[in-house]
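Supplied in structure tokens, the structure appears directly below.
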């Protein structure tokens, strides 16, 4: 979301995801699962807003590269902090989950995701395209100075955007730690494919991103099935590169963007 | 006693060569976010290591093989060059990142999970002293060449192309040709540094070719700056010495937390140096 | 009547430089933006002409210029550079392959074709003399070996000799800069004003162009004195009857007594009108044109 | 580039280098003041990057051993310093050089067979003694020329045991899942050879990567061929997820795994799916109190069951310490003492052959069973 909408390459985004996952893991014993989820998501959102205010707001005029590198530094810092507090081991089995035998033995988590994610995506789409807030946000991103001139509440808009993305990151982090578990450097792995989804899906096109990420998942699993797991990610990325070279705007994208 | 500092110095110079190709040529001249230039580095090390280990090349022939490797990497580097004609800014950055991952997977597939080891050094380069001398020699030559390059009209042509391809084409500059050939030259240079690294470390570490490395190297290249010839050495020094020395420094005081404190400091340095210095935007 | 189309060729006219053949048309979508109907004769721009593309806003003047300079390729028909019987003339066809972008080729055709854009383009990284000197073509740079040779040659040249352009062209460029009163000691061209940037682009074009200049609204936001200088420059440029200037201008008051040919674009049809005779006649003719557009 | 940043970076570099040199000098000085009675060991572990977790487990075990030794005031104190290799060969060699500068002659671990392999020439020429707990590549001992010892049976032994076990169970077709690093790949190759000798058909082979995000594809691949046993040469946490996925896709086969599946990670991830997983674990020494003691200590200290890495780290420190005490901390004499050492370790009885190779003890065959609420390992009975 941050990349697709805010158009900032934010390396620390997936680390917010990891932090939310760790928070959830630590809190769900004492507080119970739902409270833990809520706290994790909210803290991720807070962290996102703080990052935006503290780091990106000051650098927005300095170009994308500066923001990107600073977010990289931030992500390194967050990762090392997590390594100090939680160690580098894979944190698994926070909740022991059992497949629903009657329903194509999926896990409850997967069913929630299956129906929840499209819902969230559609809501976001409506939010961005059919509300005043969304439109002014996109206007802000298209032309920052002009937005300031037109007295759009730029700061508030970007803060809201970051907060939403933080909440989503928190949710995905929880899903991941319930599923396969997290470790401090897990973010980077997911980051690459998140960018892939954003770019191939077309920048700013959320539904496209959803479809693209589905495709990527299927590609990886198929590559694991037919080939080897080592080659899987490489092959997938190769396909993505080919797609990007032949369709530089992404599949569902419109208008090549420049920096 | 001097061995340690010698090998650190070798790393600094070799990565200085790499940064020459990345920051000075690709970022500075062509103006591309070539995050994935590390793929060329990896290919250089990989192809060189294939020679003696898989094809059984040995002795003086290794020098021929080095030349072949550099040429091969140059040719391979033309491919992202052509991709660059269609892609802009961070799109291209992303594609080149993907190239890094693909090359890493290739290396792991062929060379085994932890890379080649016992790659023989060519005759005359057995001792690390010889390696550091030859790398320093190469570095100086390339640096002088680039410095002179900046005073010819090629520099003007690149500045024009950076500003606007249409403008450049309207002045009769063959945009495609000069950009692709710049990618080729930079790729060959990165490949050369890769070869040197393979010779120095007598092996290839897949860890060195990972995505995180590529991004960190790019960040350091941007941090070091693109204008001067000394910038690459600074970036390389930051890359090689910072993490190493910081950890050795911390080890005494906070024993088992030294590695984490190191990376923490490294991130801090990145942010501070980026946030509190002014720079020109180099990316297209 | 002072106005007659397609004057017969006589000796004191220079060689053909651009020829637009009948049937030329260009369209972004379905409906053609402009076309040269098959019935009409071909439009020939000869050496010594200063030809203005003239028409209301949005009728595709700039598009035509982009077409002529090879950034766009015609939907049908063709444009020919140089005499049609000339061996090294260039033909822009609609059938040219997509990946082949002829812009650079055209820009290097026969000594040099240069153009300027509606918005002046300036690179912040190179000095003003650099801007001027990059505009002229240097044959020896186009070989790949020059990448290795040029820096080595530079190694043995004096430091103060800038960008290895020979002294005559050095003086030439300095005269140009003086004529446009641009201060060549300015290091960062971003400090120039908008009009100065445009002047710098024009100076580049004049310095680089040997056969043909294509200028997109060269007179926009220039002072009258500057306009006078530029006009004089163009007249000098075409004085030796082997060069031509094509410019886009929609302000009528700049045209009379300066251009000797008009390419009018009227509801999608290209027509060539030669301007001959006195200033008053030309003004009358142009005002008639304008009234026919808008009235 | 602008001056400001130039100066900034230069100053950063100078500060760092200054701190570096100062720290070196300080360490050198406390070399001189250090009483010869202290036994100092260096431990080269990967503490960041992908395999950081195993470096940390190892470090935890070694720390436990150090604390235990230093607790009783009779024995000579021990000091283990940890160097981070980032799992890179050249960095490992640099760290070893640094350790050598700072006066370390005994190296208790070089994590990773290739790292150790890269460091061996330096160790041989400078008379260092390396004792490793995890490096399982077969030819290391030969290359080590007496400088390298290990207390881990090499891949061949462990793989052979598992294959033999499957053969005794009358299994025709086995599938193998291995993790893509030198440990997993080495085990896979050895197991493949053993299976060919014992006429067991390796029906399908799948590889996984560290921290693979989903095992759906891998398990589907396993299902595609009829197999009645699968061998897992992967790390416990991934293994847990894999077993979970196997259970979920209803692939009912026997599951064999190596000794590193003892410990919490696998159980946490897999849950009840782990019932029936069969492990070949080196037999603990006769008085199996040591193992239980160690496990209690470890849980008290770190709040999790010790993994195989922790156990091996603990044993490595103990072994090298005993050898060093007997030989007066002289690395070259230590080599001899190591060779004719025979002590009960936590992870099995420790003794060395003439060439210095570790003699693998008996293997226990364990299986996970449900005891009340939680799973436990119990000896396997046909």
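The letters A, B, C and D name the chains in turn, as written, and every chain counts its residues from 1.
The criterion applied here is as follows: a contact is a pair of C-beta atoms (placed from the backbone, for glycine too) under 8 Å apart; a residue touches a chain by one contact, two chains touch by 3 or more.
This is a predicted model, so every value here is computed, not measured.
A.B. asks: Out of curiosity, which chains are bumping into both chain C and chain D?
C.D. replies: Where chain C and chain D share a partner, that partner set is B.
A.B. asks: Name the chain whose C-alpha centroid is most distant from the C-alpha centroid of chain D.
C.D. replies: Centroid comparison gives C as the farthest chain from chain D.
A.B. asks: Between B-D and A-D, flag the pair that has more C-beta pairs in contact.
C.D. replies: Result: the pair with more contacts is B-D.
A.B. asks: Averaged over CA atoms, how far is the centre of chain B from the centre of chain D? Could you give it in whole Å?
C.D. replies: Computed from C-alpha means, the inter-chain centre distance equals 34 Å.
A.B. asks: Let me have the rounded angstrom distance from the C-alpha centre of chain A over to the C-alpha centre of chain D, please.
C.D. replies: Each chain reduced to its C-alpha mean, chain A and chain D end up 35 Å apart.
A.B. asks: Could you put a whole-Å number on the gap between the CA centroids of chain A and chain B?
C.D. replies: It comes to 30 Å between the two C-alpha centres.
A.B. asks: Rounded to a whole Å, what is the gap between the Cα centroids of chain A and chain C?
C.D. replies: Computed from C-alpha means, the inter-chain centre distance equals 50 Å.
A.B. asks: Send over the residues of chain C in touch with two or more other chains.
C.D. replies: Touching at least two other chains: none.
A.B. asks: Which residues belonging to chain D are in contact with no fewer than two other chains?
C.D. replies: Each of 47-50, 180 in chain D touches at least two other chains.
A.B. asks: Chain A: which residues touch two or more other chains?
C.D. replies: 83, 185, 230, 233
A.B. asks: What are all the touching pairs of chains?
C.D. replies: Applying the touch criterion to every chain pair yields A-B, A-D, B-C, B-D.
A.B. asks: Quick one: in the complex, what on chain A touches chain D?
C.D. replies: 83, 87-90, 92-93, 96, 98-99, 105, 107, 176, 179-181, 183, 185-186, 189-190, 217, 220-226, 228-230, 232-233
A.B. asks: Quick one: in the complex, what on chain B touches chain A?
C.D. replies: By the definition above, chain B touches chain A via 33, 83, 86-91, 93-95, 97-99, 101-102, 104-106, 108-109, 211-212, 215-216, 219, 222-223, 257, 259-264, 266-271, 274-275, 279, 281-284.
A.B. asks: What residues of chain D sit close enough to touch chain B in their complex?
C.D. replies: The touching residues are 1-2, 4-6, 8-10, 12-13, 16-17, 19-20, 22-24, 26-27, 47-50, 59, 63, 81-84, 86-91, 93-94, 97-98, 101, 112-114, 117-118, 180-182, 184-185.
A.B. asks: Once bound in the complex, which stretches of chain A touch chain B?
C.D. replies: 9, 11, 55, 58-59, 62-66, 68-70, 72-77, 79-81, 83-84, 185, 188, 192, 195-196, 199, 230-231, 233-234, 237-238, 240-241, 244-245, 248, 256-259
A.B. asks: Which residues, counting only chain C, touch chain B once they are in their complex?
C.D. replies: Those in contact with chain B are residues 69, 71, 101, 103-104, 107-108, 112, 114-115, 117, 121-126, 130, 133-135, 137-138, 141-142, 144, 146-147, 150-152, 154-155, 159, 163-165, 204, 208.
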